[in-house]
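What follows is a set of structures for review.
Two complexes come next, and they have one chain in common, subunit A, joined by subunit B in the first and subunit C in the second.
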Partner chain A sequence: MSTLEAPRAGWTPGVTLTQIAAVAGRSIRRTARQPAMAIPPLVFPVALMLVNAAGLEPSTLLPGFPTDSFLAFALAVPFIQGALFATMNAGTDFARDIQTGFLNRLSLTSLRGSSLLAGQLAGIVVLGLVQAVFYVLVGLVVGVRFASGPAGVLVILVFAAIVSLGFGALGSFLALRTGSGEAVQGMFPLLFVFLFISSMNTPRDLIAVEWFRIAASLNPVSYLIECVRSLIITGWDPKALGLGFGVAIAIAIVSLVLASWAMTRRLTRT
Partner chain B sequence: MTRSVWPVASGVAWRTLHNVLTTPALLIPGILFPLFFFTAFAGGLSQVEEVPGFDYPGDYKSFQFVFVLLQAAAFGGVFTGFGIARDFEGGFGKRLLLASPNRLGILVGFGLAAFVRWVITGGLLTVVALVVGMDIGGTGVDIVGLYTLALLVNVCGLLWAAGIAFRFRSIQAAPLMQMPVFLALFFAPVYVPLNLLRGWIETVATVNPVTYFLEAGRSLIAGDPTEVALAFGVAFALIAVLAVWGVRGLHRAEAAG
Partner chain C sequence: MDAANGIVVEALVREFRKGPRAVDGIDLRVEPGEIYGFLGPNGAGKSTTVLMLTTLLPPTSGTATVAGFDVVREGPKVRGVIGAALQEAALDNLLTGRDHLRLQTMLQGLPRHDRKGRADELLDRVGLTEAADRKVGGYSGGMKRRLDLALALVHRPRVLFLDEPTTGLDPQSRSALWDEVARLAREDGVTVFLTTQYLEEADVLADRVGIIDHGRIVAEGTPTALKAEIGRPSVHAIPAVADDRARILELLDRFGEPFGDGELAVRLDEGIGLADVVRGIDAEGLALHDVELRAPTLDDVFLAKTGRTLEGAAEEDEEPAAARRR
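Let's turn to the complex of A and B:
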């Protein structure tokens, strides 16, 4: 019988929620107390957006470009890029818990594995929402007007929460499988490739190089970006919203299954 | 002087290169990132050459190739600066200072290592660009000019990063080495020629030395050399200033003991 099986007999929802809240609070506080972890996910995507928007503003002169403001077009990118950053940071923190033996010590307590994972992910989702609110505010400050209105902004926040949950679970899976912060950080370039080989800088129908257009169409990140972008520059586009939410929910489900499996394996080993 | 510099420089360069070439975590990102940027920019943004007023005579692959070549050159120097910082953090830097009859050789050695790193990355990048059919309009002399310009950028990157590394002697100073170079590169006409930039980025790009390197490099590869002397002049001036920065940094490391 593993150490986690004993408390399961006396499982109560109230205790579980308390455990989740405690782990989530720790996850948030740990990030907030490390400026090197908290600030780059906020600032770097915005800086990259401003630089890219300034340099690529002439792209809006291309026939068929969906807006006359590249800033409005590019504002969707920080939402996804920020989530990727946060994922890596959260995964690295989680891996550090494994490396330092903190997870082993936790497994000797009555804390359930599912509560630990849920708490970890709740912390990531809260941080993802803070980032999303920051990006919305930056957009408003630089003069972007959301075509879908205040309701669209709320939908963007819900979407950001789902994306954070999906990527957060992915980061947790990587941390649990590798048990190494360095290995989790090593996945960062791969996620960066997914971001750049997408429709982040150009609408897919305007990408002139065929292989790149195909790669961008196969890349799920394109649909995440296009979902947010549609709410900013188009208004309510059912197709973009359906695809975006569909992809985000699918990533979340697959990642959660993987992370839960990895958590079980990790605790069994200890 | 030269006699006492070379043994130190060659030893430092050999050790640095041995470390880089036998450590995949150090070698692979430095090679893959420029290739990736070239793929992402030349592939994903190629329609930008259709923008009215885009007057570059070559194709968009060569337009972006020059940027990525210069970026790889600059970061070849910066990544070598990371190595200097690591050496000092681990205590090897102090032993190196004690053992060197001529400490300028240390800086020269790291410079040689940065050069070889860039040759490897730049060579691979060139092969990939040629394989995907990049247009080269320039003559052999123009191309030699382009690569010489990139070499000067490599020296600038190394001297800047070395100055930081010698002063802070910790890898925690890596963002200080990296970020200003990254910003200088991206506050230049990366995606479109200077004449198409508008607003704050136009103002910043006009006074950014990287703009002159980019514009000259692109004119060389397109076979229409423009303001090349100006770019080389700016590069040599930067090297002169950064050499003082690097050597004084070395003296600071010596003084720190």
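Let's turn to the complex of A and C:
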């Protein structure tokens, strides 16, 4: 067939969905082919949880501690920690695309910036869900019983998807603004500080040091952890769910707005 | 001109905040089906021009149309009819060649039933069928360039931009790529805009050449016409006795315009031939180890237009270009 005679599909919603699927598929394939990126987000949070549980098990003897299993208490943390890991990895990957010129290749197609972002984030959400399923399985293997039952597990997966979306958009924003994988990686310690100054190891009302309790109460990560934790050890707690989903959705909205703006700035094509 | 797949550029300018004008008011026309070689040293403005023509960089001023579409006002339409392989073969080392083509066919909106066939056809055309399921990280530079070309052709573009497509390739890979580019123009009628810093590439491949230096086009025409414009051949001598060098240099001065920089070479004056030079040297009792008559090259054209050789200009411009990137 002659080069000039060939047909070409015009833009349609179907083409957009195909493009989003293509970008998401690449994102997933890349992660799957990099064990060094795929395994740490799964293993490290679980390892940290097991170490913490071994050392902090006596905490469950504190009056008012919500459960007699520290593993059940701590299982919520990997969901958030894993999402942070995945976010940094995704952001670093995105920044690499900018540095290597791969983004220019994508820019030369009919792919819209919003579709590119949607595809990247879809890939991150899928990976976030894979992680969440893994943590649920680890919990079941170590003997944790989910107080909210199978429906609660489903809610946890939905929550994990929203958290992955929010943090993924944040990582994409950083990548698009800086165009540097190193800069994205540089944010990782800061996000980890948020994790550690939270209620990850102790319920907020049992934190004796006042400044830490205030900091943990101001820290949105506390509410993300407490949302998952409530489904594991309490059952259906509307307040924890409302705060957790509220914070997760707010982070997702703000991050998406920032990432979309950064994408517009990055794609200077006419 | 038939605007269907030509390129028309008028007074195109691109300024960056820090640094001089990368492109300083260029005008050019590329005819449909033509291979246009854009020749110049590093930092001359070649890649900036390509980025503007492919809609990836807005011009500061001036106009450009590609296949009849304005690059500023009709960016999506331009992207729909062009293919581009930019300076770095931007590939994903973790994906296979086939993965890349699958991704590109989906992003370019090819119908589902056409995707696999098109990918196989292009892999075959660029000789990567056997390597198609290997990760690109293990490809040689030549294989990456060929895959890059295949990706640029996925949606059957009418205009193809190739930014230094053979830089760093071995002669065999370079020759294979030239053959494919020539075939695209000849058999498929694709218009090719090719930037290069290799004289031979422009000479062999391009129907017409534009020579750019410091953001301005300093010469344009067919390679033959440009060389004919310079017209005069040059004589290059190597003395048999090193001590005779100064005397030979002085003698050569009588026969034309010396190259300078101490090189024992002279661009011959009108009516002077190699025999005249040899006789003159012989008459002075000097001996030569070797003497060569060279026809004008595009480098001579560059020298005549800019006062520098292309190679020298590349070295000279490397530092400012790097500074601009910073």
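Side notes on the structure shown:
We take it that the second predicted complex is superposed on the first by the 257 of 270 C-alpha atoms of A that agree within 3 Å, B and C clash if a C-alpha of one lies under 4 Å from a C-alpha of the other, contacts with A are read in each partner's own complex, and residues count from 1 in each chain.
Methods note: a residue touches a chain if its C-beta (ideal position, glycine included) is under 8 Å from a C-beta of that chain, and two chains touch if they have at least 3 such contacts.
Note that the structure is a prediction, hence the values are computed from the model and not measured.
Within the superposed three-chain model, A:55 lies in touch with subunit B and out of touch with subunit C [touch as defined at top].
Looking at the shared chain after the overlay, A:34 reaches subunit C, while subunit B stays out of its contact range. When the two structures are aligned on the shared chain, A:209 is found in touch with subunit B, with no touch to subunit C. When the shared chain is aligned, subunit C comes close enough to touch A:22, but subunit B does not.
Once chain A of one complex is fitted onto chain A of the other, the partner contacts of A:185 are absent, as it touches neither subunit B nor subunit C. In the superposition on chain A, A:197 contacts subunit B only, with no contact to subunit C. More residues of subunit A lie in touch with C than with the remaining chain of the pair subunit B and subunit C. In the superposition on chain A, A:217 makes contact with neither subunit B nor subunit C.
Contacts of subunit A with subunit B, set against its contacts with subunit C after fitting on chain A, share not one residue.
Residue ranges on subunit B touching subunit A, taken from their complex, read 25, 29, 32-33, 36, 39-40, 42-48, 50-54, 186-187, 189-192, 196-201. Listing the residues of subunit A that touch subunit B in their complex gives 51-52, 54-59, 61-62, 186, 189, 192-193, 196-197, 201-202, 206-209, 211-212, 216. In the complex of the two chains, the subunit C residues touching subunit A come out as 5, 54-58, 71-73, 75-76, 78-80, 82-84, 86-88, 90-92, 94-95, 99, 102-104, 106-111, 114, 135, 151, 153, 155-158, 184, 188-190.
Remark: subunit A residues 1-4, 6-11, 15, 18-19, 21-23, 25-26, 29-30, 33-34, 100-102, 104-111, 268-270 touch subunit C in the complex.
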